[in-house]
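This structure is in structure tokens; I'll ask about it shortly.
For reference, chains read A, B and C in written order, and residue numbers begin at 1 within each chain.
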Amino acid sequence: MKKWTRKDLLGLEDLTREELLLLIDQAAAFKEISLRPIKKVPALRGRTVALCFLEPSTRTRASFELAAKRLSADILSFQGSSSSLVKGETVLDTARNIEAMRVDVLVIRDNTSGVPAMVARGVGCSVVNAGDGSHEHPTQGLVDLFTIREKKGRIEGLNVLIVGDILHSRVARSDFWGLVKLGARVTLCGPPTLVPPVMETLGAKVSYRLEEALPEADVVIALRLQLERQQERYIPSFREYTKLYGIDLEKLKTAKPDLIVMHPGPVNRGVELSPEVADGPQSVILEQVTNGIAVRMAALYLVSGTHHGQTAEVPEPSPEGVET
Amino acid sequence: MKKWTRKDLLGLEDLTREELLLLIDQAAAFKEISLRPIKKVPALRGRTVALCFLEPSTRTRASFELAAKRLSADILSFQGSSSSLVKGETVLDTARNIEAMRVDVLVIRDNTSGVPAMVARGVGCSVVNAGDGSHEHPTQGLVDLFTIREKKGRIEGLNVLIVGDILHSRVARSDFWGLVKLGARVTLCGPPTLVPPVMETLGAKVSYRLEEALPEADVVIALRLQLERQQERYIPSFREYTKLYGIDLEKLKTAKPDLIVMHPGPVNRGVELSPEVADGPQSVILEQVTNGIAVRMAALYLVSGTHHGQTAEVPEPSPEGVET
Amino acid sequence: MKKWTRKDLLGLEDLTREELLLLIDQAAAFKEISLRPIKKVPALRGRTVALCFLEPSTRTRASFELAAKRLSADILSFQGSSSSLVKGETVLDTARNIEAMRVDVLVIRDNTSGVPAMVARGVGCSVVNAGDGSHEHPTQGLVDLFTIREKKGRIEGLNVLIVGDILHSRVARSDFWGLVKLGARVTLCGPPTLVPPVMETLGAKVSYRLEEALPEADVVIALRLQLERQQERYIPSFREYTKLYGIDLEKLKTAKPDLIVMHPGPVNRGVELSPEVADGPQSVILEQVTNGIAVRMAALYLVSGTHHGQTAEVPEPSPEGVET
């Protein structure tokens, strides 16, 4: 039996191929539970999960919340923004107070890269990174790995195309590390201002022309343009962006017929994807949402087995473990 | 055994007499549970209820939340306002994402009439309308039906007087449909600007003079003046409104001695009702609050039995089903 | 077996020595549960606890919320500020509505002294004061009593020094009453503008010079300077305050070697305590946070045993009562 030994889940860059597979396999086991009418297991009953979202979030917070509830954990939710003064210290103080409430897992989102890792070093409880600045969003990366494997049967050898604002995207970064470790060939595509050439030295192929990259792809992951983050500084106009990098039915005609279309959500319809593509037969966007809960159940479950002096051995939940 | 077959609860206008009675009977069974020290049944354990209140609400949200918790459901709560741009599409996108999280029942409140029905057509999970614009507020209507039957022993043949802003009130609309279907005689009373004459063609009696209508009534439902919605455009002044349509002890003297006084809350004391009437022996306002939870338990329970390929047959919760 | 008979917990001034000990002993029993991996008992399963925080709060709300969850209670959470108009009536109306939802315990925080007591007189459910104006914060006082007894083995005969804004501090007031009833000698220390001389008539010693009071102390409780409440009107400057009343390593040298340092949190580092003291070996601040949950579990558990026609006899939770 494979074992999970890390206290924290901070990024996919740190993980081995075996650890990535362990997370995905665990998610697959939990997904089966989510398809039953009674979507609840007692795996984390009596454990406490704190959700500390220091940056606004609806979907990721909801996904973690449902994941924790379906594992029967107790949940404590913190929101708001972290202090602008001595930020690091304040976040760490808050984390130590949360830990003192005998919290088992602290899920943290922050708009500054590195905050979850700093917190993880300062507390004894497990820390799960729910997105930090433009660094990593490891559970979203795992969602994408899990969804690709589920839909295509494998990850190794696939051509995966990530389109959009690579420069600022923590999703792109987590996707990239996970895909490369599991043997996919990754192409990054977008306007030159938004695709850092340095990624080529890390093993990605870089393209500035979607019409060249799309026909090769088995999977395309369109990233959300963060309209609220003044990305217009990096692109001539949204109309221009959509014309060059938006995916519509016309462009899909040039792609492989079994291409799957992914997006971390929420989609700016008519910008990254046309409505027909977002809702079309090749889109697996809503499946990503469903898989998000299974992946987060797996993450919470695996890290919570590593402290309180317990062994890191985590058996898969058996049917007998299910509440009736 | 009677069966509930509707996926959704969108309004009382759609329901048959039998469906209304099924809901009220189910609420009565659940009310008994709420009076025990251990107010919890495992009926919806492992099911997920999403509360999506796109318009501010405290009481209705709290009532639905407690109803879901006392049925042992897991709850996911969304708040905030829906986008002002492509509103319908945005709400539907949000709903499809919530559905993808394997939510069983989506409770939705929106300030636009028809949004819950639009969402219900677009998703496979059950939808319960928690109030949409000035259209319907079906669970509040059911609370009133249940409370009247509980207090008066019947609904058929009663004279029910609804006083206030009929024009904008979704509570009045749901009350009206439910009362008429169950055989009550409904009189609508208020200033001519706030009582649409068209209601007469639907079977209501319309009166502009409370002193004429009140002596006939077995039940009076005073509606809340939504002070925050600039209703002053429709009435000369609050003082004038209170003089003509507010109910105080003096006016109660002209009423039947066993008249019961209802209000959906929160009461503007001294406007719709004088404090002596709101807190007096004929007021059943707090009983309405208690019944609100039982009615919402019934609604969540019945609609959640209709999907996931289950039969629509919903046995009443037996004492053995109660947690100890 | 000792018995708890009060419906409410409004302040430590009202309690007897026996009642204080009953609460602390109950907290000790619950703390043991919080140290297990499965931190949950079914003691309040099927009961409802409403958290009504009409003044912003993160830590106390979180502590009550986790306490209620670890007792398996259902929770209803209200926030926001109470109306500025007919405030008392509005709060009481809200409380009566919450009670009508069959809530067992209403936890209330308000910035006006006396609001929890007023509510408690108006409702049949139990009320727990989570801090009212500058009156009392009884559960924080109990946390301090419990922590002192745990760390020093006793309370009677100890010299306890409370430093800071005594005038406005509800924590100081609850600490004072609890400590005096359990036989400690209490010294209040701070700037003359912030230490009311009347406290001497109630049995406290008053000192304006920390260098005189600190060497005698077995326990020091530093109060938080509420920077947001314009306390600068009462002190020449924060720098001056810190110089005179802030505790740093230099001042600690004059204290007993086994002095323990307490603070209700959050600490203004560098103001009331230097970082080295706040995080040092004599600090028990994080232990206070851990104990906060056990104390609030005890408070919720004891008051909830006194109504609904039940006897006030509350057995300690047995190991068999623990969920597995």
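Throughout what follows, a contact is a pair of C-beta atoms (placed from the backbone, for glycine too) under 8 Å apart; a residue touches a chain by one contact, two chains touch by 3 or more.
Just so you know, these numbers come straight off a predicted model, no measurement behind them.
Visitor: In terms of residue numbering, is the interface formed by chain A and chain B classified as same (over half shared) or different (under half shared)?
Guide: Counting shared over all numbers used gives less than one half: different.
Visitor: To test your reading of the model: what rotation angle superimposes chain A on chain C by C-alpha positions, in degrees to the nearest 5?
Guide: Copies differ by a rotation of 120 degrees.
Visitor: Please tell me the distance, in whole Å, between the geometric centres of chain A and chain B computed from their C-alpha atoms.
Guide: So the centroids are 40 Å from each other.
Visitor: Hey, what residues on chain C touch two or more of the other chains?
Guide: none
Visitor: Can you check the complex and tell me which residues of chain B touch chain C?
Guide: Residues 34-40, 58-59, 62-63, 65-66, 69-70, 265-267, 269, 286-287, 289-290, 292-293, 323.
Visitor: Please give the residue numbers of chain C that touch chain B in the complex, ascending.
Guide: 45-48, 74-76, 78, 89, 93, 96-102, 308, 310
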